[in-house]
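Look for chain A in each of the two complexes below; its partner is chain B in the first and chain C in the second.
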Partner chain A sequence: MIRTSLALARRTLLDAARRPQFLAPLVIFPSLFLAINTGGLHRSTDLPGFPHVGGFLDFQLAAAMTQSLLLGGVAQGIGTALEIESGFFDRLVASPIPRVSIVLGRILAGAVIALGQVLYFVAIGLIFGASIAGGLPGLLIVLAIGVLAGTGFCALGVMIALRARNASTVQGIFPLVFVVLFVSSAFFPRALLSHPADWIASYNPLSYIADGLRDPIISSVSLQPVLEGLAAAAGVTAAFVALAVAALHGRLREA
Partner chain B sequence: MSTAPAIETIGLEREFGGGLKAVKGIDLAVAPGEVYGFLGPNGAGKTTTVRMLVTLLRPTGGRATIAGFDVATQPADVRRRIGVALQEAALDLLMTGRELMELQATLHGIPRRAVAERAADLIGRVGLANAAERRVGTYSGGMRRRLDLAMALIHAPEVLFLDEPTTGLDPTSRTTLWEEVRRLRDEGTTVFMTTQYLEEADQLADRVGIISDGLLVAEGTPAALKAEIGAPHLDITLGGEAPDAEAARRALEPYGACRPAPDGAHVSLQVADGAAAMAGVVRALDDAGLLVEGIELVRPTLDDVFLAKTGEHLEGAAEEAAPA
Partner chain C sequence: MSRNAAMIWALARRALNEITRVPGAAVPGVLAPTIFMVGLSGVFGQAARLPGFDAADFRTFIVPVGLLQGAAFTGAATGVNLARDIERGWFDRLMVCPAPRTTILLGVVASAAVRSLLPATLLTCVAFALGVDFPGVPALLLTIVLIMALATAIAFYAVIIALRFRTQQAAPLMQMGGFIAVLFTAAYAPKALLAGWLSAVATVNPVSPILTGVRQGFVGDVTWHDTWPALLASACLLVVLGSWAVHRLGRVGD
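The block that comes next holds the complex of A and B.
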C-alpha cells in the first residue's frame, strides 16, 4: 500500500508541477486578498480588544494560509473528479492495488503541496516585513498545523469528488470555502466579531486552525492555541480521511 | 495447458437504476489462448459486459469467472490476471509515456529493479521508443492506443480485455494494433475484444459473439457464422440491347440455384465452390448467346450474419464500406 500510495502521490505532484494554472490560484488569490486586507484594514490593529501584533500583515498571514489550504482542498477535489471523468480512475480501480491507495496517494500529494503553500506565505510575510515571533519552534508549529490542516482539506475535496463524480460540482463548493472561512476567526479576532458570528466561530474548527497558525507568528509559542490548532487540524484530517475512504468504498460498492 | 475456460459467464446480467437491463443473461466461454471478438452496435451491452468482467461493475445476476476466479467474490485475484484497455484510452496527458508505463508497472507490483526495463521493453514493442520521453498529450490517437495496450500488458496478463481498441483510428494505426493482437495470440494470451468493425472481428477473432440488446444472439467462428447464413453467390449483370435473365437462368441451372432479378438484366447464382465456378458460368452464358457485362463473386460477410441475427446492420459496417 505504501509503495502504490507514494507512486500515485508522485504522479499527482508531477501533474501539479506541469499544470501551473491549477497550482497558481492556490497562492495568487489568497495573496491578493492578503495585500488588499493588509493595505485597507491595517488600522484595525488599533481597535480595542485587538491582540498586540507587530503589524496587520502578521495577523493576516494565518488567514491567507488557511484560505490557500482550503483552495488546495478544492483543487485536489477537482483533480479527483477529472480523473473520474477521464476514466483514469477506472484504470486505477481495475489494477490490483489496495483501494485506499487511490485516496491516500492524492491526499499525500496534497500534504506536500500544503507544505509549499505554508512556506510560500511565510516567505511572503518575511519579505514584506512580518516576523515569526515564535522563532524556529514557532515556524515548525506553523508548518505542522498547516500541513495537517491542508491534508484534511484535501481529504474533504477528494470525498466531495467521489460523491459528486464531476468537476463542475466540486467547483461549485468554491464559494462555500469563503462562507465557512468568514464565519471563523481567520480574518478577525473572535472577540471583535459580532453575534452570532462570534458564536459560530467558536464552533468552527477553522477558527482554531487559523488561531493555531497565527499564535506562533504574532507571539511567543503559547500552549493552548497551539494545542487547539493541532487538535482541530488533526480532527479535521482524521474525520475527512475516514469520510473520503468511506466515500471510495461506497462508490465501489455502488458500481 | 489448462483446459478450463479463461473467461466464463453463466447467465450474466446487469441491471441499472430505473430498471434498465443492459445485459440480459449472457453465457459464453473463452478458451485459454483464444481471441474472442464481441460484436455489437452501440448500446448493445458490450462495454457493460466488459466492465463486469474486469471488476469495474458488479453483475446483478448470474456469474462470471476469469482464469477460474469469480469477478464478484474474488475481484483482487481477477485484477492480478487481467490487462485492460478500455474504450477511451484513459491516460494522464501530462505524464510522459515512460512515466506512465513505470507507474503502471508499480501499480501491478513489478519489483522496483525491473520496472524501468519492463517499461522500456513494452514501449519499444509497441513502437513508441522514440516518443517515450514526450508527454502523452502530444501523442496521436493511434500512439495513445498503443501506449494503452502496452500498459495493459505490463504484467504479462493471462487475459487481455480490449474495448473497441481501434475505434476512431486511421487504417495504419489500426493495422499496427491488429499485428500486436496477432502476436499476443501467438504468445498464448487470451484476448477478449469488443468491436463494431466487422473486418476487425473477421481478421483477428478465432470466435465471434454477437450481442444485441443485451443478449448473445450468435456465436461461432467467423467462417461458421457466415456459412450458417448461406453460400457465396455470383452477381451477374447481362449486357446487350435486350438482356434475357430468364434465358440466363435456364443456362445456369446446372451450376446451382439461380434467381433472375425483375429488371431482366441481373441474375444471382448460388455457387458452392465460389470463384472456381466463374469460368464455367461465363462459358455457359456465352454458349447461350448471352452477353455478360459484369460478374462478381459475393461472399456472405459478418454484416450479413449480423443482419440475419439481429435484423439490422452494424454501424461500423457502413464506416468500413465507405471509401477511404
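The block that comes next holds the complex of A and C.
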C-alpha cells in the first residue's frame, strides 16, 4: 500500500509540475490578498487590543498560508474529479492495487505541495520585511502545522470530489473557502472581530490553525497556541482522511 | 444599422440565457461579492475606528468595493464564456457569418453590462438589510452607470485574453485583471491611510476615480467634483480596451 501510494503521489506531483498553471492560483490569489490587506490596513496595528507585532505583514502571513492551503485542497479535489471524469479513476480501481492508496496517494501529494506553499509564504514574508520571531524552532512549527493542515484540506477536497464526481461542482465550493476564512481569526485578532464572527471564530478550527501558524511568526513560541494549532490541524486531518476513505468505499460500493 | 442592433441583441440574449440555462455557473459570481462585503466588514470592521477613516462604518465603506467586484467578476465571466465558445468551435462559425466584427464584439460584451446588475442588486439589498443607509436616487443611478461601464470594460479585457489564449484555462488571468484593478485602489481604507506603495498604485489606477464616484453617495453627498473623473475614467477604459479588443478581433483568422 505504501509503495503504490508513493507511486500515485509521485504521479500527481509530476502532473502538477507539468501543468504549473493549475498550481499558480494557489499562491497568486493569496499573495494578492496579502498585498492588499497589508497595504490597505497596515495601520490596524494601532487599534487598541491588537497584539504587539513587528508589522501587519507578520500578522497576515498566517492568513495567506491558511487561504493558500484551503485553495490547495480545492485544487486536489478538482484533480480527483477530473480523474473520475476522464476514466483514469476507474482504470485505477480495476488495477491490482490497494484501493485506499488511490486516496492516500493524492493526499500525500497534497502534503508535499502544502510544504511548498508554506515555504513560499515564509520566503515572501522574509523578502518583504517580516521576520520569524520564533527563529528556526518557530519555522519548523509553522511548517509542521501548515503541512498537517494542508493534508487535511486536501483530504476534504478529495472527499468532496468522490461524492460530487465532477470538477465544476468541486470548483463551486471556491466561495465557501472565503466564508470559512471570514468566520475565523485568520485575518484579524479574534477580540477585534465583529459579532457574530467572533463567536463563530471561537468554534472554527481554522482559527486555531491560523493562530498556531501565526504565533511563532509574531512572538517567541508559546505553548498554548502552538499545541492548539497542532491539535486542530491533526483533528482536521484525521477527520477528513477518514471521511475521504469512507467516500471512496461508498463510491466503490455503488460502482 | 437595425440589422446590427438585432445581431447585438441576439448575442446578448444568448449570453443572458446562460443564467437560467446554467445557473450553477452564474451563482458563484453573483454570491461572491456579497460574501466578500459581509465577510470583510465582519473581519475588518474595527478598522473604521482608525483616525482619518471617513465613513460611518466599515460596511458602508466597503459596499462600493463589492459592487465593483461584482462588475469585474461579470466582465471576466464574459471572457470565460467566449473562451468556451472558441474551444467548442461556435466562435469560428460566428466569425464566418456576414456581420461586422465590431457588431459581434458589442454583442458579446453587452451581456456583461446587463448581467453586472445581478450581483449589484443582491449586494445592495443585503447591505440595506444590514443597515447601510440608502444613498439617494442620483447616487444609485450614477452607481448603475459606473458598474455597467466597468463590467463592459473588464469584458473587453477578458475578450482580449480569450482571443489571445483561446482556452478556458486562461480564466484566472481574466479574473485576476479585474481583481487587481478593483482592489489595488483605496478599497479597504481612505488613501491617506494606505501604505506608500499602495497609495502610489491607487493614484495611477484608473479604477480609483470610479470607486470614488460610486462611494461618494454612500459616505456623503454626490458632487460633480467626484463624478466627472469617474465618468471620464470609465469612458477612457471603454475606449482604450474596446479599441484593443476590436484590433484583436480583426486579427482572428490572419
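Quick notes on this structure:
To be clear about the criterion, the second predicted complex is superposed on the first by the 255 of 255 C-alpha atoms of A that agree within 3 Å, B and C clash if a C-alpha of one lies under 4 Å from a C-alpha of the other, contacts with A are read in each partner's own complex, and residues count from 1 in each chain.
Criterion: a residue touches a chain if its C-beta (ideal position, glycine included) is under 8 Å from a C-beta of that chain, and two chains touch if they have at least 3 such contacts.
Every value quoted in this text rests on a predicted model; they were computed, and no experiment measured them.
Overlay on chain A: chain B and chain C fit together in the combined arrangement. By the document's definition of touching, neither partner reaches A:T151: not chain B, not chain C.
Counting the residues of chain A that each partner touches, chain B and chain C differ, and the larger count belongs to C. Once the two complexes are laid over each other on the shared chain, residue contacts for A:T237 go to neither chain B nor chain C. Residue contacts after overlaying the shared chain place A:T66 against neither chain B nor chain C.
Touch criterion not met for A:N204: it reaches neither chain B nor chain C. After overlaying the two complexes on the shared chain, residue contacts for A:F178 are found with chain C alone; chain B is out of touch. Angle at chain A (Cα centre) between the Cα centres of chain B and chain C in the superposed arrangement: 90°, in steps of 10. Once chain A of one complex is fitted onto chain A of the other, the partner contacts of A:S5 are absent, as it touches neither chain B nor chain C. Applying the stated contact rule after C-alpha superposition, one finds that A:F188 touches chain C and leaves chain B untouched.
By the touch criterion stated above, A:L32 is placed in contact with chain C alone, chain B being left untouched.
Using the contact criterion defined above for the overlaid structures, shared-chain residue A:Q76 touches neither chain B nor chain C, since it reaches no partner. The superposed arrangement places chain B and chain C with a least CA-CA distance of 15 Å. Comparing the two complexes, no residue of chain A contacts chain B in one case and chain C in the other. Taken in their complex, chain A has these residues touching chain B: 3-4, 7-8, 11, 14-15, 18-19, 86-88, 90-97, 255. The touching residues of chain B, counted against chain A in their complex, run 54-58, 76, 79-80, 82, 84, 86, 88, 90-92, 94-95, 99, 103-104, 106-109, 135, 151.
By the touch criterion given at the top, residues 24-25, 27-28, 31-32, 35-36, 38-47, 49-50, 169, 172, 176, 179-180, 183-184, 186-189, 193-195, 197-198 of chain C touch chain A in their complex. Considering their complex, residues 21, 24-25, 28-29, 32, 35-44, 46-47, 168-169, 172, 174-175, 178-179, 181-183, 187-188, 192-194, 197 of chain A touch chain C.
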